[in-house]
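The first chain written gets the first letter, and so on, giving A, B, C and D; residue counts start at 1 in each chain.
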Amino acid sequence: MTDFMLFLPELFFIFGALLFFVFSLRKAPNPAGYHRWAVVVAAVGLLVTVASSHQEGMLFFNCYRVDLFSQIFKVLLALGTIWVIFSSGELKGIDPRQHAEYYFLIFVCTLAMMLLVSSVELLTIYVSIELSSYSLYLLVPMRRNDDRFSETAIKYFMVGVTASGLMIFGISLLFGVAHTTYVPQLMKVLPTVIAQPGAIVGLILALAGFFFKLALFPFHIWAPDVYQGAANQVTTYIATVSKMAAAAMIIRFAGLSGGASPAMVKLLIVLSIASMTFGNLVALIQKDMKRLLAYSSIAHAGYILIGILTLTSQGYACAIYYAAAYLVMNYSVFLVIMKVADDGHNLQIKELAGLHKRSPLLAMTLMLGLFGLAGIPPTAGFTGKFLVFAAALNKGYLFLVIIGMVNATISLYYYLIVIKAAYLLKPVKEYPAVHVDLWTRVVSIGLVVMTIYLGIFPDQFLSITESAARTLF
Amino acid sequence: MGALFRDPVLFATVLGTNLPFLSMAVILLFTRSKPFVSSRISVCSIAVSAVCAVSLLVRLFSAPALQYQTLWFSSDKLNITFGYYLDPLSLLMLTIVGIIACLVQIYSLGYMAGDPGYSRYYAFQSLFAWAMMNMVIAGSMLQLFIFWEMVGLASYFLIGFYYEKWSASQAGKKAFVMNRVGDVGFFLGLILLLIAFGNLGIPELNHAAVTHGLPQGLLTVSSLLIFCGVIGKSAQFPLLTWLPDAMEGPTPVSALLHSATMVAAGVYMFSRIFPFFSASPDTMAVALAIGTVTMLLSSTMAMVTYDLKQVWAYSTVSQLGYMVMALASGGYVAGVFHLTTHAGFKALLFLTSGIFIHEFHTNDMRIIGKKGGRKLKIPMVCMAIGALALSGVFPFSGFFSKEAILTVLASQPSKIWYAAGLFGAVLTAYYSFRLIFHILLPKGGIEEAHHEEHGASSHEHEEGHHGYIFWTMAVPVMILAGVSLVLGFTEHTLEHFLMRSIQVPGELVAPAAHAVSVAAHVAAGGAHHAHEAGSPLLTILGVSAGLLGIAIAWFEYGRKGASRNGFLSYFPAIWKLFDCRWFLDIFYRKGLDTLVYAGLTSLFTKNDRRVIDGGIDGICVFTEGSGRLFSFLQSGMLQFNLLLMVLGAGAAVLYFVI
Amino acid sequence: MNSLTTYLIISALLFSLGLLGILQRRNLIGMLISVELLLNAANLNFMAYNRFVSPDPVTGQVITLFVMGLAAAEAAIGLSIILALYRKMHSINIEAAQKMKG
Amino acid sequence: MTAMNMAGFPILTTILMTTIVGLLVIIFIPPEKTKLIKQVSLASASTGLALCLWLYHAYDFHKGGLQFVERVLWVKSLGIYWFNGIDGINLPMMLLTSVVLFTAVWTMWELENRVKEFYALVFLLVAGVYGVFMSMDLFWIFVWYDVSLFPMYPLIAIWGGTRKEYGAMKLTLYLLAGSAFILPAILFLWAKAGGHTFDLFMLQKIGFSLFDQKVAFLMLYLGFGILAAVWPFHTWSPVGHVAAPTAVSMIHAGVLMKLGAYGVLRIGMMLCPQGAVYWSHLMALLGTIGIIYGALVGLAQTDLKYVIGYSSVSHMGLVGLGLATMSVNGINGAVFQMFAHGIMTALFFSSVGFIYDRTHTKIIPELGGLSKTMPIASAFFIFAALAGIGVPLMASFWAELLVLTAAVKVFPVAGILACVGMILSALFMLRVVQRTFYGDKNPKWEHIPDISRFLAVPRVVLMSCILFFGLFPKVMLDVIQSTVIPFVTRF
């Protein structure tokens, strides 16, 4: 019975997925009805996840661990899922006949990610990752036929399977070196064998799979195309929920490097710097809002990695905090994108012109979200950056932090361009009015409040993430 | 506060010096649009101030030097005090300032009547009076400096009073900036003293200088720097060109500020810390040289100009040069005495010139002469008195003071200074009477008798109509003329007054008075020399120098059939040299234009735009460009991207394996 | 010859071939097959390690089974996407798909 | 957020709250009610001013040290405290902020375009400024510092003038680039101190190694120096000022630039005294270059705001020089100069703003003869110019005196050059005054009425401030000194 309770959120999402599987079999689609159902399911799912957030225990022959760390991420995943589903009311980007499948795949994907964050067995991890990836492979091409973006799916798929091929090969090498695929065991064994080439190659290849999920340079190559090519809601899902899972996985896996192997840390530092710099620089020249956010997400992967590469519990806690903050802020921005481009087209930056008149609330949400992403206080994004930088400096990585800050300044430029569009530019042509319903208002205000609250009062949440990070050791 | 009312001296000091400020505030804040009220407020307050000044002089005539001071603020070890130092010198100067300011303001009632900026004029006049009086009685050098600057500020406003005239505002700016140049030296000197000595109280400073409380090097450097202030304010070489330009202001302003009082502030400051200066022979030598050069240079300039006010302006500069010479050669009393008499007769000259200018609407002496300047009898007589005083003719005041100076100069080891002084006296007399004869005996007589008659009658008419205006201008002039007549005879009293306070240490400020007493050896020596040992030969030489100048002027301009061109017109090059102020202005202008505007400023501006700002913009462009460059990594070709990814992983592996 | 090294070399070869194929083949089906090679290289590794070094004889085999299953699903998804692409572009050459860049 | 550790009423938080409450109230007022928004803004600003005046009055400078302390643990794991206090260095700055805010709000009374957003952003900005000045915790100092910077972007970009978008972007990016050095430096110090407190005074007790101090101070100096317009990081200042609307220029040049110098003093010199001494020659050099360079470049400008921008560079150079002397007089003078320059430059921009509002130009050659048509408005500018020249009996004179005294003593060459800079500043200020206000009546501006009594009020307030502290410098110096004297013992 206790086992059942431990697995409750996952079970619930299985139930949701099944429900929509059934719906998808129906002949006559009923998008509005599906949406209501999906919201209810996701809401209950969130409640269930929150309710079981203090569970602890092991399942499935100890290859499935339920602890504070995993539960926090499950809450974040469920939260992200309900937001995405909530915004799927006007799913114009996807054929109405596929809506049921869309919800089905979303639930499956969330389920897979929940499994992922609790997995402590390489096999489980692999299977969960694949499950979530497959859902996404299918979600991406659902976009209503727009020839410009038809190549997205195949690119995503190809990169994805290559990365997972690399990862499983890496895992096989790890298995060969350490004779185990159980993560806690690996953590013990790996430091002793890290000198072997097989271990290193295995570790790097395995990490490549996770980095792929997080879209870290140079494993980012799918991100811009997918962000741009997928339907807005799907992009939102990838940008928010999927990021959480990847971050969780890397945090869990980073410990594998066996204490603080200096070479490993150096590698991570290089990756982090490369990712930040590349993402921010290329984002400077983007015109498409989603593509811009894709590059921004590449940069943010770098920031998250700063927290992780400290390999201390403080660093992990900060990384978790950062990830959560990123979820909130990124969703704020995507919410605005989905609302402004509610016919499902790809939003160009210049289309935001005059947003402050069309919808002051959305404009403010956008501004706060972007300022958060840029790391301007008093938003959660700033506090997150502050925390990860603090963690890095505690390990003495001054140079890394300076580069991080310089990058933050660069990133501010393109965020300001967007804000400028929303607040300053006069629209060149008449854009349709933005329809903002009551619930969107509520959510927007909630996001704004959350962004600022997390930024100013980080203490409570930070203490939770700290205890979560401690469970990793 | 109680002390203020209990002590009548303090009360009179505070009231007298600060009443003008009050009047300025009232005028600026409330009565700007009511010129009549403004002017009355200002005149009344300055009259009260003058009365206070005179009564202080009388009351403290035989009293020891008084010092009041309170802590203004302190920072670290610096204690900046605010206080008054009432000794004979300051009382004398206070009286001069009060009286002349009062007369000038009364005069201005008529002169400025109908001017749109009447209220503003009186506000600035009050500002000036306030600043000047406070400067005179300042207890510390810093306070003196502060009001010195305020005086400069008032002068800036008053020179540029007709600000719609470009030349006026230009002249105001020039005056301020040139003064600033000197003041920076002054300021640096003060800072140096502040650092090394820590106290800027005037008596303390003098005391320390005399008792060798200051190292000689510091003394010399700081006194030289402070002397820069004198150079600036008293228009000494090489900063003398602002003063002639300052004549752009209304004539009463020229009279008050730029001849009688403000420009004398430099000389006053020199005499104020005379013991301090005299403790450094090097500084004294420099000052003597500068004073002489100034005196000669400006006299020559005065010889060629036809502008009434310009003549007096150059003359002022040269007389200031005399004063500096006197002080620099140790003639404390001679210098101060000349300052006093000069204040009287130069104000007189300017104010009478003002009457002419007001009447004929021109500054050109030839035109005034032609239009019948001599018909204005009272001003003509007064001007003649002033010119005689300036030329040092007995029994006018200038005679006594100039004799005193020449005597002091004669006592210098090198006779060259004396010779220069004599030569200057000749030139002074020459240019003064050149002007007088131009107006009195114009070339070709007075133009068109008929017209002149008409003019005279209309003048009469005007006089009747504006009698009030004429008399407000004439009365102060006559008073000053009277003063110029009698002031010379007060030499002994004044000398006694100045010397007495030095010789008899006061009970209240014993150390200070002591300081002065010791310092006064040089000063008194010179003065006594002048008084006691002044040989008849020197007197004869001095008087004959003046008479010689007048004679030359008569020969050239006065006598029948005189060429009225001046002997200098035979030497066009020299004429040009004098007329262009020895090319000093051109030199400055060029220097400023090439060095500052065309040189540093444009260089720095270009640097700012191109290098610094361009660098910043360049960084931005570079950043964006590198973004563009990196974006090629994200090519559309999938396999290129995959290759990148694999290479990345491979590089990582290689890094570890190797 | 029946040693771990042999298998490792073979799997490394498979892996390299797979990578090469992915990077070099322009045909999408070819690329998909190359990915399968990657997975098979991993499978071979698992089996080999399982046989020679693992203390527990099950792990590797289980993983191999899972990977095979997932590979099948992957191929199905991949083929369906390729099919969809083919319908739009009438080509399964990857060079046809390079509109999105920058 | 446990362990309440404060004595009495949290006056500082209340001052901060006046702006934040003002901001929130404005947010909930419908945008059409501009009058109400302005009234609310003014009320909030006046409350802040009143509280700051009270604070100034209540601060006991005989006792000195940190007073009105509020200290609450904020984030336990990192050692962040909500720690506010007042000492002699930030008290003048608080007063300055409140005065400038008050006058700025009043100055913008005629604003019609997007009033609500404007005032909301201004209050956000000023909340940041108050926050930086009152915080004694590095985290909060940095938070407020950034909070005070980013509203500049919309404020300039929306309501600005010449090349506003360029100026806004440049200014914002440049200034935030500065924080790219500040944040690492702060965290560096925190980490070197063991990573358990951001409390400034606890950090002060920890002796950082000389090397650490050098590194941290350099970063802090660069970071904050950008905001303080230290040469050669000053170019944002003229560009930004030219672009910004009046009130923003006032607040920005008046207060925000002081944040930079304050940061160097409060964080850099307080935590890294030895590092500061090590770099003091650099500071003096850059400060002196700034003084002379600013004045010289200002000479060639044709835009009124550019001129003032460069004069700010020059004046802030003086602040830098004062700080570099590391002596009581120098720092006293620097802090005093920060205050005096703040008020003065606010007056400058306020008058220029009025002129610009009426004539729609601030190009000097197009102006001219303004004294004829608007004598009072011109008088305000001329007054400010005189203060800028350093005419005695105005606040900045004392500051200059103190700074130069200290500078001549410590860095004689720099001190003498700085004195020479005074000539240049006189030259260029008077040049501007002459070209803008003197000269013949310009028919273009003949019909323009002079400034109204109502709009004159903020200018008069600023003028009286300059005069008051010019006549009674003791009122301010006693306060500053009470903190500076113990401060310099650490160098």
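Methods note: contacts are C-beta pairs under 8 Å (C-beta built on N, C-alpha and C of every residue); 3 or more make two chains touch, one makes a residue touch a chain.
Since the structure is predicted, the reported quantities are computational estimates derived from the model, not experimental observations.
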item: Chain whose Cα centroid lies at the greatest distance from that of chain A; value: B
item: Between A-D and B-C, the pair with more C-beta contacts; value: A-D
item: Distance from chain C to chain B - Cα centre to Cα centre, in angstrom; value: 97
item: Separation of mean Cα positions, chain D and chain A [Å, integer]; value: 42
item: Centroid distance [mean C-alpha coordinates] between chain C and chain A, Å; value: 26
item: Centroid distance [mean C-alpha coordinates] between chain D and chain B, Å; value: 37
item: Per-residue multi-chain contacts in chain A, two or more chains; value: 154-155, 158, 162, 166, 224, 282, 285, 413
item: Junction residues of chain D, two or more chains touched; value: 173
item: Interface hub residues of chain B, defined as touching at least two other chains; value: 631, 634, 638, 642, 646
item: Set of all touching chain pairs, with the criterion as stated earlier; value: A-B, A-C, A-D, B-C, B-D
item: Of all residues in chain C, those that touch chain A in their complex; value: 8, 11, 15, 18, 22, 28, 31-32, 35, 38-39, 41-43, 45-46, 48-49, 53-55, 59-60, 62-63, 66-67, 70, 73-74, 77-78, 81-82, 84-85, 88-89, 94, 96-100, 102
item: Residue ranges of chain A touching chain D (in the complex, touch as defined); value: 314, 317, 356, 371, 376-378, 382, 386-387, 389-390, 393-394, 396, 398, 401-402, 405-406, 408-409, 412-413, 416, 419-420, 423-424, 457-459, 462-463, 466
item: Chain C-facing residues of chain B, complex; value: 631-632, 634-639, 642-643, 646
item: Interfacial residue positions of chain D with respect to chain B in the complex; value: 170, 173-174, 232, 234-236, 239, 293, 296-297, 299-301, 327-329, 332-333, 369, 371-372, 386, 391-393, 397-398, 401-402, 404-405, 408-409, 415-416, 419-420, 422-424, 426-427, 430-431, 434, 437-441, 473-474, 477-478, 481, 485
item: Interfacial residue positions of chain D with respect to chain A in the complex; value: 1, 74-78, 117, 139, 142-144, 146-147, 150, 153-154, 157-158, 165, 169, 172-173, 176-177, 179-181, 183-184, 187-188, 190-191, 195, 215, 219
